[in-house]
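Structure record follows, encoded as structure tokens.
Chains here go by letter, A, B, C, D and E, matching the order in which they are written, and residues are numbered from 1 within each.
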Amino acid sequence: MAKIHLPGSKPLKKKFKIHKKVGKAPGTITYMGNRENAISSLDVIAYKDEYAEEYSPVKIETLNEYKEGEVKWINLVGLSDEGFITSLGKLFELNSLVLEDAVHTEQRPKVDEYDNYIFGVFKMIYLDDDQNIIIEHVALVLFENLVLVFQELKDDVFNSVRQRILGKQGRIRSRGADYLYFALLDAIIDNYFVVLEHISEQIEILEEEVYRNPKPKTAQKIQELKKEVLRIRRFVAPVKELVSRLIDSENPLITKDTKLFLRDALDHCLEINESLQIYREMAMSLMEIYMSNVSNKMNEVMKVLTVMASIFIPLTFIVGIYGMNFDHMPELHWENGYYMVWGIMIVLLLLMLIYFKKKRWI
Amino acid sequence: MAKIHLPGSKPLKKKFKIHKKVGKAPGTITYMGNRENAISSLDVIAYKDEYAEEYSPVKIETLNEYKEGEVKWINLVGLSDEGFITSLGKLFELNSLVLEDAVHTEQRPKVDEYDNYIFGVFKMIYLDDDQNIIIEHVALVLFENLVLVFQELKDDVFNSVRQRILGKQGRIRSRGADYLYFALLDAIIDNYFVVLEHISEQIEILEEEVYRNPKPKTAQKIQELKKEVLRIRRFVAPVKELVSRLIDSENPLITKDTKLFLRDALDHCLEINESLQIYREMAMSLMEIYMSNVSNKMNEVMKVLTVMASIFIPLTFIVGIYGMNFDHMPELHWENGYYMVWGIMIVLLLLMLIYFKKKRWI
Amino acid sequence: MAKIHLPGSKPLKKKFKIHKKVGKAPGTITYMGNRENAISSLDVIAYKDEYAEEYSPVKIETLNEYKEGEVKWINLVGLSDEGFITSLGKLFELNSLVLEDAVHTEQRPKVDEYDNYIFGVFKMIYLDDDQNIIIEHVALVLFENLVLVFQELKDDVFNSVRQRILGKQGRIRSRGADYLYFALLDAIIDNYFVVLEHISEQIEILEEEVYRNPKPKTAQKIQELKKEVLRIRRFVAPVKELVSRLIDSENPLITKDTKLFLRDALDHCLEINESLQIYREMAMSLMEIYMSNVSNKMNEVMKVLTVMASIFIPLTFIVGIYGMNFDHMPELHWENGYYMVWGIMIVLLLLMLIYFKKKRWI
Amino acid sequence: MAKIHLPGSKPLKKKFKIHKKVGKAPGTITYMGNRENAISSLDVIAYKDEYAEEYSPVKIETLNEYKEGEVKWINLVGLSDEGFITSLGKLFELNSLVLEDAVHTEQRPKVDEYDNYIFGVFKMIYLDDDQNIIIEHVALVLFENLVLVFQELKDDVFNSVRQRILGKQGRIRSRGADYLYFALLDAIIDNYFVVLEHISEQIEILEEEVYRNPKPKTAQKIQELKKEVLRIRRFVAPVKELVSRLIDSENPLITKDTKLFLRDALDHCLEINESLQIYREMAMSLMEIYMSNVSNKMNEVMKVLTVMASIFIPLTFIVGIYGMNFDHMPELHWENGYYMVWGIMIVLLLLMLIYFKKKRWI
Amino acid sequence: MAKIHLPGSKPLKKKFKIHKKVGKAPGTITYMGNRENAISSLDVIAYKDEYAEEYSPVKIETLNEYKEGEVKWINLVGLSDEGFITSLGKLFELNSLVLEDAVHTEQRPKVDEYDNYIFGVFKMIYLDDDQNIIIEHVALVLFENLVLVFQELKDDVFNSVRQRILGKQGRIRSRGADYLYFALLDAIIDNYFVVLEHISEQIEILEEEVYRNPKPKTAQKIQELKKEVLRIRRFVAPVKELVSRLIDSENPLITKDTKLFLRDALDHCLEINESLQIYREMAMSLMEIYMSNVSNKMNEVMKVLTVMASIFIPLTFIVGIYGMNFDHMPELHWENGYYMVWGIMIVLLLLMLIYFKKKRWI
């Protein structure tokens, strides 16, 4: 699980962690997250058109029972117990590479087809209560009558699917495991929109700040935002291709009917990618505006300085002349010398003001 | 319906709204627009080579009637009445995903082929009376003898098609539903050109402003324009691929003859995309010019300051010297000391002026 | 016909006109140019290996005559007479979309293959006597023994081809209509090089200006040039793909032998596109140099100001001290006080000069 | 072997060396590195499921012995002895181009399939004890039961593989030479992550520096970092395509089972490329922030100057007035003249302060 | 032949010449270079495994003689004699388009396959004695037992190949004409590396200059370098695709064995393109550094000005006060007034210094 703080909150260290399994054999099950004490627990929802039942917690031994026509959703929360994961893997005859990726929380999104199951890694991205962006690893395995989900934390992205099954809303109860697989994926993708909306709002706030009252901090915030968009894109952009691969796949596990729905999900992925692209361009625009504002402010400062200096430096020179102590300075003894100097200075001042007015500097 | 204000008018909030259906089952019909009270109404135009009749408003029950050889254009205005939409969907046996997208006003352009119909979502983009850019959702369903149109508002983008049918202009009456489908699409695409022309004019106005009298506000206007182009491109760019998919489609609903016309429409799409690309590059050029102008102005300000300060500060120093009160300052008692100082100062001034003239600062 | 003024001449309004046929039925013949009074006139050159004859002007009725083994080049000048165009279209059984594009002077380059002819729209780009870049619409239709050319104005881009036919230069007389089609296309493409050379010269002039004597106007000229390159690319870039489509086409109208020549033309198109790309990058480089020059100039101005102010402000302070009127200022009464002040000031001045010399500011 | 110094250490000369074999016949074995005195030495690890034995050093004559079912890993360290390499090449019937590339340390990554072996060149990239990035050439040849490795230096990137074989960890002992080939490649790729992590840390350090205390040197460090990323990408980016070519290859040397693992390695390559792309964008962001900071600092400096000058230049003018020596200056003789001047000056000062406060310059 | 002067030497006019054959029939032989007086001369090297003989100069009539099993390399130097070229073309039955391109020195690199020969145009790029980059046109025609080379100038890029043939080095004597063709191409490509190395050195020199002592001229030099890279890329980039086309070609003229070597050459082309790309990015980085240096210098200048002005302007104001001539100024008559003013001024100075120290401006 990785938190992203958006502009305003202080940035987290190590934003782009990369995996550290150097030197281990491929296929080694190594948990990479920071929830190491979490106990793995299993929930199961089994349903058919006629009924839906939820069992929680479930022991691993009972997973094997299967009733004709039932679809099972097995949800594993907590990925740090390697022994548990291994025995689960054995039960479902999962390839060791699958198990490795299932618990490897830094794994980028992927879809791999095996002989009798389809394995996928995705990233749930959602906002926590403090409006932080949470990125969480989730792995989905689709079998013929079963979807196996690996999660780090129990959270509520999948709650809507759970309710639709238990409350018999929509068509989900009357369809197979592939539809459940799609429904979970769809729930993940739907949550991306919430995060996009949050970013969109941040952009508007920054836009306001850049136009009204840009501060040195503002540039930093814009760059932070750009970095967030980069980071989210990294986990979201590959999903488009993965979904499109599921659609083109000839795997019998995915029915033609579900592919119609996946096409819809693909559509959402395209929209998300477009939005991220647009956000990136908007962040760059904001930076341009920011820089042009900095320059404009400098211009304004320079104008004030130039106007003040250009007016008073010559005048100071004039009064300096008559501060000289030469024995022979006829003007000093003129009756109206003092007033004439004032006159000259006022005329000069007016000429200056007209000049600067014409140049629109004042 | 979404309004875009071009530079000059105050920007609208929430420009890049994203869809908010998180947590709902896919295929749920949810109207996303802001015209929720609008009553759905149906218009029908039925025509054949020999005649064309317009019925308005029409009840849903009568839609089913069909005369041999007739082409029907059913126009639904108002998308907020979910019950109505659902019964319409049932009548035409539309997939629930189609109905969802038909009323989902934030849906990006798409074309989906189903067994006996082709479904498409497009965006009408046109100028309202205040020269605001209006983006409106429209969904078109092509059946064998029927085109079903979903619109949010009754507007006149399709009026030209209506007139051509009723007035028997051109070839439209002698052709099938696929040609009507093309004609509606063509009307939508033609309107893009009006908006492009409007943007092109805005660019010229901004160009004038940047070259003649750039203000801090100008940079903001340029960025606003860039954002508009981004936004329009988002809805317009996909159309090119959609039209080209219709052309390559082997669906019997689209005749080879109509494909010739679609090829023409594709050509227009290419032109539109090119124009948008050029507008974007021009906006970037404008921003560059703006920035170079800001720098040039700063240069000019600095030159005035430097010339004024460089001339008068040394002179002020000279008059300061003879303002000192030392007991022994022989120059003060020279007969022509005062005039000699003036002479020195005038020579210095001239040297300075020559120097700055040579540097082209004055 | 559209003129482009290069940097130096005053910019024309409406540079990126877009087509205005909104609301008309597709296939409507609408002339878009500004030569509406021009009378359409027909020239014909008919040739065989043994002879070549030119007929001008020719009446439409006589076009139909055909002698065995002859190749005919029919040249139509003047596109505003819709009736005339329509009857010509009927005579040659041209699709209404073809006629529409043939007279639609804003049409982008395209090639469309029909059952018994190939239709192409291209842009002639050449320099007029005032070195303005002229962009002119031309449409070419290739039949089995005939090439039909639609032009707005009679101009001399095709003169070289005409002379080669009449003077029996090269291989043109011994080949078919497809070679004539290629020769005309080749003449169009060859003229692009003249325009590219002109732009290349403009870039050199601007380069000289940027390096020697950059003025605020220079940035504007660079951007104008970039815009010209954009505009020309718009009409020139698609040609590459069109020629390559002609080469790949399996249409019997184009012989394998002529394809060899088209391959050569394709080569030229690649070269043109590369050159335009390079010009664009060079224009961007010029802008960068320009901006760095503006900054360097500012630096220079600032240095003069800083040197002058840093030297004379402290000196002025010193003379100010001894201009004070305190009753008790011992230095004022020292015998050599005045000379000591001069000494201090000269030392200070020298230290300053050394400091600035070391910083390379003077 | 090429060292890269990251920002902080002084840059090495000749970073982008290019190969110098101009004028030699292709296929000439020429060592390009700087370890010319190194003696070539051979290590062999031979293993089967039941046992694993290490022989070191091994004479070239004994390489030919082969036991049924054994996999052999022949590791050659030191590439400067051309005679030795040539005889090795003869022994294994390697193409002269293979030998050339095997010792050509500037060779970019490549994979070539020959009739009975697959040849690959890769780059090991790792950190030495001083945190310098070391780029080292390695060539791998896969035969049916043999992997032949060409290395410049004996280093420990492959140690983990060696230990897994000797210690019988994981599945390596029970699989063929193709799995060994994969395991070595995987060890190389895994080390890239260590280097990426190092770069990621450098970016964070630079980010800190840019935000807190940017110095002129900082820009240079950012550009150095960008250059390092460019350089690493050059050697790492092609690996993705090479691995994907191995996966798609129909060569019987690579079993379907090993391809599953290669697919995993491909995944890592994708992640590495993405990370490098992100690092590059982050470096560009840093540069933007740096530039905006420089501008902000200039703004701050200018404000101080403008405030100081704008306040004191007018005041100096005022006191200059009453330093004039005119015979008739009534104010000089007023009882409270001096105090009135102070009053005027204090009022002026306050007005100035309010003005600057309002502009937020102080 | 076109010279490129790298930064330092004065730029040549007309860097991007484009071909001037407008109006001529395609296939016309027109020499475009500037070596018009050069006499065409023919050299021939004929070799077999057993012997190799060089004939120079050779008369055109004798070219036709052919001995069984011999490979002939005919080298034509001097392209301005059109009659000579034409008779050569007739002798070898070359297409007129081939002859046109062979002497057209502005032709971009290309490969065209004809029925019994393969024609290629490439660019030799090498350094002359003054380290200028020379770009020279070369055309290679591969027949079954013959390679025909068209060169403008006799130069030594091919000397290494000549020596390998005559000295029987490497495998060249035992292979066919296709290997000779490859060897010549390889010699051309190898020379690109020399030029790349030269550019790489120029970048390092510029890097040094930008970091140590950037001058206004430096920006210009960087842009010149960028332009050189652009120009070289133009001639070098297409070679990659051409070589890859030769590899994929099914022409029997190129044996499978030679394709192995071409694959090696392709590898070099990829490396060259990558290097050029990297050089371009490095040039852009240099420009960024340069701009940031200009800004930093301005900052430094501004700080000096601000410190000097902020310290001395207030002090000058203070001494100005006591230079006023009011009758009633009690301080003037205080015993220690003068010293108190000094005290105040010193305190003020110290405060200022502390302030600027804290801001790190001094």
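To be clear about the criterion, a contact is a pair of C-beta atoms (placed from the backbone, for glycine too) under 8 Å apart; a residue touches a chain by one contact, two chains touch by 3 or more.
Just so it is clear, the model here is predicted, and its values are computed rather than measured.
Undergrad: Give the chains in contact with both chain A and chain D, ordered by label.
TA: Both-contact set = empty.
Undergrad: Determine whether chain B and chain C, two copies of the same sequence, contact each other through the same residue numbers or different ones, counting it as same when over half of the numbers at the interface appear on both sides.
TA: different
Undergrad: Could you state the distance in Å from the CA-based centre of chain A to that of chain E?
TA: Each chain's C-alpha centroid was found; their separation is 42 Å.
Undergrad: Between chain D and chain E, what is the gap in Å from one C-alpha centre to the other?
TA: It comes to 26 Å between the two C-alpha centres.
Undergrad: For chain E, which residues are shared contacts with two or more other chains?
TA: 291, 295, 298, 302, 305, 309, 313, 316, 320, 323-325, 329
Undergrad: Can you tell me, using the touch rule above, whether these chains form a line, ring, star, complete graph or other shape?
TA: If you draw each chain as a dot and join those that touch, you get a single closed ring.
Undergrad: Can you list the ring's chains in order, from chain A toward chain B?
TA: Once chain A is placed first and chain B next, the ring gives A, B, C, E, D.
Undergrad: Touching chain A in the complex: which residues of chain B?
TA: 13-14, 16, 18-28, 95, 97, 101, 107-108, 110, 112, 216, 219-220, 223, 226-227, 230-231, 234, 287, 290-291, 294-295, 297-298, 301-302, 304-305, 308-309, 312-313, 315-316, 319-320, 322-325, 329, 331-338, 341
Undergrad: Inside the complex, what are the residues of chain D that reach chain A?
TA: By the definition above, chain D touches chain A via 159-160, 164, 169-172, 182-183, 186-187, 190-191, 193-194, 196-197, 200, 204, 211, 260-261, 263-265, 267, 270-271, 274-275, 278-279, 281-282, 285, 288-289, 291-293, 295-296, 298-299, 302-303, 305-306, 309-310, 313-314, 316-317, 320-321, 323-329, 361.
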